[in-house]
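What follows is a pair of complexes built around subunit A, which joins subunit B in one and subunit C in the other.
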Partner chain A sequence: MTTAVSISGVSIGFGPVTVIDDLSLDVPASTTFGVVGESGSGKTTLLRAALGLQDVRRGEIRLMGERFGGSLAETRRRARVIQPIFQDPAAALSPRCRIGVLMDEVAKVLGEPRDALRQRLDEILRRLGLPRAILDKYPHQISGGQARRAAIARALLMRPRILAADEPTAGLDVSVQGELLNLLQELRRTEEITLLIITHNLAVVRLIADRVAVMQSGRIVEQGEANAVFARPQHAYTRELLNSWPATS
Partner chain B sequence: MSVAVSNLSVDYRGHGPDLHAVRDVSFVIPPGKMLGLVGESGSGKSTVAFALMGLLQANARIISGDMQIGGRSYDLTKNATAPLRGHGLAMIFQDPLLSLNPVFTIGAHLIEILRVAAPGESAGRRRAMAEEALAKVKLTDPRRRLDQYPHELSGGMRQRVVIAMALLAKPVLLIADEPTTALDVTVEASVMREICALRDELNCSVLLITHSLGLVTKYCDDMAVLYAGEMLEQGPARAIQRRPGHPYSRLLLDCEVAIDQPRREPAMANSFKVIGGELPDLRRPVSGCVFAARCDRAVADCAVTVPSAVRLDEEGRHKARCLRIGAS
Partner chain C sequence: MKAVAADISDKPSPARWRRIWRDRNGRLGLLFMGLVLLLALSGLILGADPNRIDIPQRLAAPSLAHWLGTDNLGRDLTARISAGTRSALTLALLIVAASAFLGAVIGTAAGLFGRWLDWIVTAIFDTLSAFPALILAFSLVALYGTGRQTFVILAILIFLPQFGRLARARAQALRHQSFVEAERLLGVHPMVIVLRHILPNIAGPLIVLAGMNIPVVITFEAGLSFLGLGVQPPASSLGTLIKDGFIYMSESWWPTIGAAGTLALATLGSTLLAETFRDILDPKSATDVEGRA
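After this line comes the complex of A and B, so read on.
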């Protein structure tokens, strides 16, 4: 099985503080991989490093087997492999750009003719249940749910091999959270794509992830098949996380 | 002392017609009990909290509403509860930094409350009481915390400080508006335990405002379900969880992802429940049941007839507003 994201011996720090300490992790291609852990455990920092948004002090990160540098050309090459979905969709959509203009940026990066791109875009919008009319709108003119889907549409337009989502369901009501999750699940069923999902929603990650890693203080304290980790947690911290979860049944 | 809110209605002025954010909401919280007010974004749950505290924005107008505390009645349309803030009413916000002044130490916040709550005590005694309160909410190293500033503490620790402040103010009603939304699950559990401990120690009424049904069923005595500004169901939390009377409550409970939900293999085969449709436009008058357009049990009459509360238990504690109750 190929490895979509391969992190080996990575350390990341801010000034005197070490946030990630000699961390290694392999995310198998065409799977959903969940990273859970409390605030400050370093999960978002790790994701930013995979996206090339965060310098690594030591170690190496490979995406689909390749290393990427920091130059503009390398950044563009990386963008075809991995795309982010951020927690706050508004942060991913420029308030000064109509949604359509934002989508055309993708054509520039890919060097794809605009007509061909618009054709692919129509298909993606249809799948995400977004009306074409949103292309003429600014981010503030569409609903929060639409903005979230528009950010995903933009990410998908890049035809990435890996989608990296940071807390994709945070702040969503339960009635709409399912819609986003069903969409991610459908992507997994229909595309050759790897999903790397950072979340603190244990109940959700338990159902969508093939494998999970539990982070605490910049280290991975436990990882394995989602089923096994949730059924028989080995680490004390994982057990504490699971015990704290409020149950409705 | 029991706390009762009756017939609360709040409008917001904006462009175009007024938005009727809360319509005719009533509930009772007995002393020593916690009521969980659940609702999704736009349901008006925070508007209820701010209306009780007299902290609504300038473009909001309370159309009707009374709050009764221990037999005394306060007219909410005249902002009569505003003088009660800090003297009977206390609030915990989602972001504890809203309640903490960045240029004052933790000790200064607590001692300021004691100046009102315990005017006869000496400065030394107040400091000791403040330290005691921090220890009670299980903040580690309370003596050192007194001299620290809010930015030196983590989110969970700050929320504990705010709970300690509420503890010293000895409120009759404590309102907690999404107190754990910004916190991790492990911290969430401990902060909720402290809120329950405060309720038990002071024997006060607690109104927990949240969008998490899990939190309500785990920690609250009673539950009230708000949708688009209207109360659709209320009653003992356990009773609603076991046998929801309103279709909306049932759909909401169904959407909640349980930690022990059966998992299908492969993981990508698992799907999630949703409630189709969108919130009604509250600037237009609502006819019939406010949830009718999204309801899976609605009949033609639901869009026309306003449902009144139906009793679902003998004592009349569990009530739901649905025309279809009893229909097959």
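After this line comes the complex of A and C, so read on.
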């Protein structure tokens, strides 16, 4: 099976503090992979490193087998491989630009004719259940759920091989959470993308992840098939997380 | 498809600019600045000589011949205040625009790119701010002499760090915002990120600061003129007019009232307009502007 994200011996720190220590992880392509752990365990830092937003002290991160540098050309190459869905998608949409302008930027980055991009955009909006009128609105004029979908639409326009979602259900009510997770699962199947979910919400991972890695203090303490990990947790921290789940979910 | 493209363009619509008039503060600001501009142009329209001395008419009260009265040398105050206002507004706009532009460019670059550039820029801003304005003025005048050119350079050096620091702080805060990171991860060109996504989010506070600084520059120029370092006689400035009027206050208060009233109108007008511009440039506060109308 192809590896979508390959993390080998990565260490990340801020000043004297080591946040992630010698971490290795393989995310198989075309699967839904969940990374769980409590706040401060280093999940988001790991995601930021995979996206190229965070320097690593040691080790390497490969996406679809390739390493990427920091130049604009390399960033554009990486943008076609991985796209993020931020924890607060409304904050990920530039506040002084209409949604349509933000979508048009993708055409410029890809060098794709605007008409062709618009046709793809129409299809994506339809699939995500967004009205076309949303293109004329500013981010603050749409609901949180619509902003989340608009951010996903923009990410999908790049035709990425990997979608990396940081706490995708944070701040959503239960029914919208379910809709969003179903949507992400459907996208993974139909677009054959890899879905990397970073969350502290065990219910989310249990619902949609094929495989799961449990993080504690910057290390992976356990990983495997999601069903197996949830049914027979091997590490004490995983058991502790599962035991605390009914109280926190 | 063209219609759709027009629909989603991000250019400011005329309707957005009409909101200045719909807003109460905007209307007042426009009204005050309109009066100041009218006064500035009145001297040119009436064709009166601001430097024509007429001793028998000294310190005359307002009349049909001299709408705002005369000063201690019998010079027409309408013409002198008009010339002083033109000079003050021109200098203030030039200095504020140059300081804001240079400060925005330098501060944004320092805030976004950081490291050695930020260190150097911060050190220069700190050094400039550490000098008391008058000491800097004396130094520059000693080096380059008095005159408008020296005053413009001096004022830009004094006001630039304010704009630069504000732009730097805003750029630093925006640099790690999710929407800027999302643009970077999309591969959008850094220049487009700066022009489309960073500067519009910095512009609001800079415009307000610029508006607030216009009267400060006018009074700064007046202060330096008072010390003989700014506008040189016989040219008039609002500062010298207030000073001259103050000396003869016991004989006539018209010279002081005219110049000080103009300064007050310019101060209030530019401040109110600046605040309205800030609200209009921020789409989030558009509803607030309409609510105040």
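Keep this in mind: the second predicted complex is superposed on the first by the 246 of 249 C-alpha atoms of A that agree within 3 Å, B and C clash if a C-alpha of one lies under 4 Å from a C-alpha of the other, contacts with A are read in each partner's own complex, and residues count from 1 in each chain.
Definition applied: a residue touches a chain if its C-beta (ideal position, glycine included) is under 8 Å from a C-beta of that chain, and two chains touch if they have at least 3 such contacts.
Quick caveat, the model's predicted, so the values are computed rather than measured.
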{"item": "Clash or fit, subunit B versus subunit C on superposed subunit A", "value": "fit"}
{"item": "Partner chain(s) touched by A:V174 [first = subunit B, second = subunit C, both, neither]", "value": "first"}
{"item": "Touching partner for A:R76 - first (subunit B), second (subunit C), both, neither", "value": "second"}
{"item": "Touched partner set for A:A92, first subunit B, second subunit C, both or neither", "value": "second"}
{"item": "C-alpha centroid angle, subunit C to subunit B via subunit A, nearest 10°", "value": "80"}
{"item": "Partner chain in contact with A:L53 - subunit B first, subunit C second, else both or neither", "value": "second"}
{"item": "After superposition on chain A, the shortest CA separation from subunit B to subunit C (Å)", "value": "8"}
{"item": "In the complex with subunit A, residue positions of subunit B that touch it", "value": "40-41, 154-155, 183-189, 211-215, 217-219, 241, 251-253, 255-261, 263, 265-275"}
{"item": "Residue ranges of subunit C touching subunit A (in the complex, touch as defined)", "value": "1, 4-5, 7-10, 177-190, 192, 196-197, 200-201, 282-284"}
{"item": "Subunit A residues touching subunit C - in the complex, by the definition given at the top", "value": "51-53, 72, 75-76, 78-79, 83-84, 86-88, 91-101, 103-106, 108-109, 114-115, 118, 135-136, 138, 140, 151, 154, 158"}
{"item": "Footprint of subunit B on subunit A - complex, ascending", "value": "32, 38-40, 173-179, 181-182, 185, 188-189, 200-204, 206-210, 226-227, 230, 240-242, 244-249"}
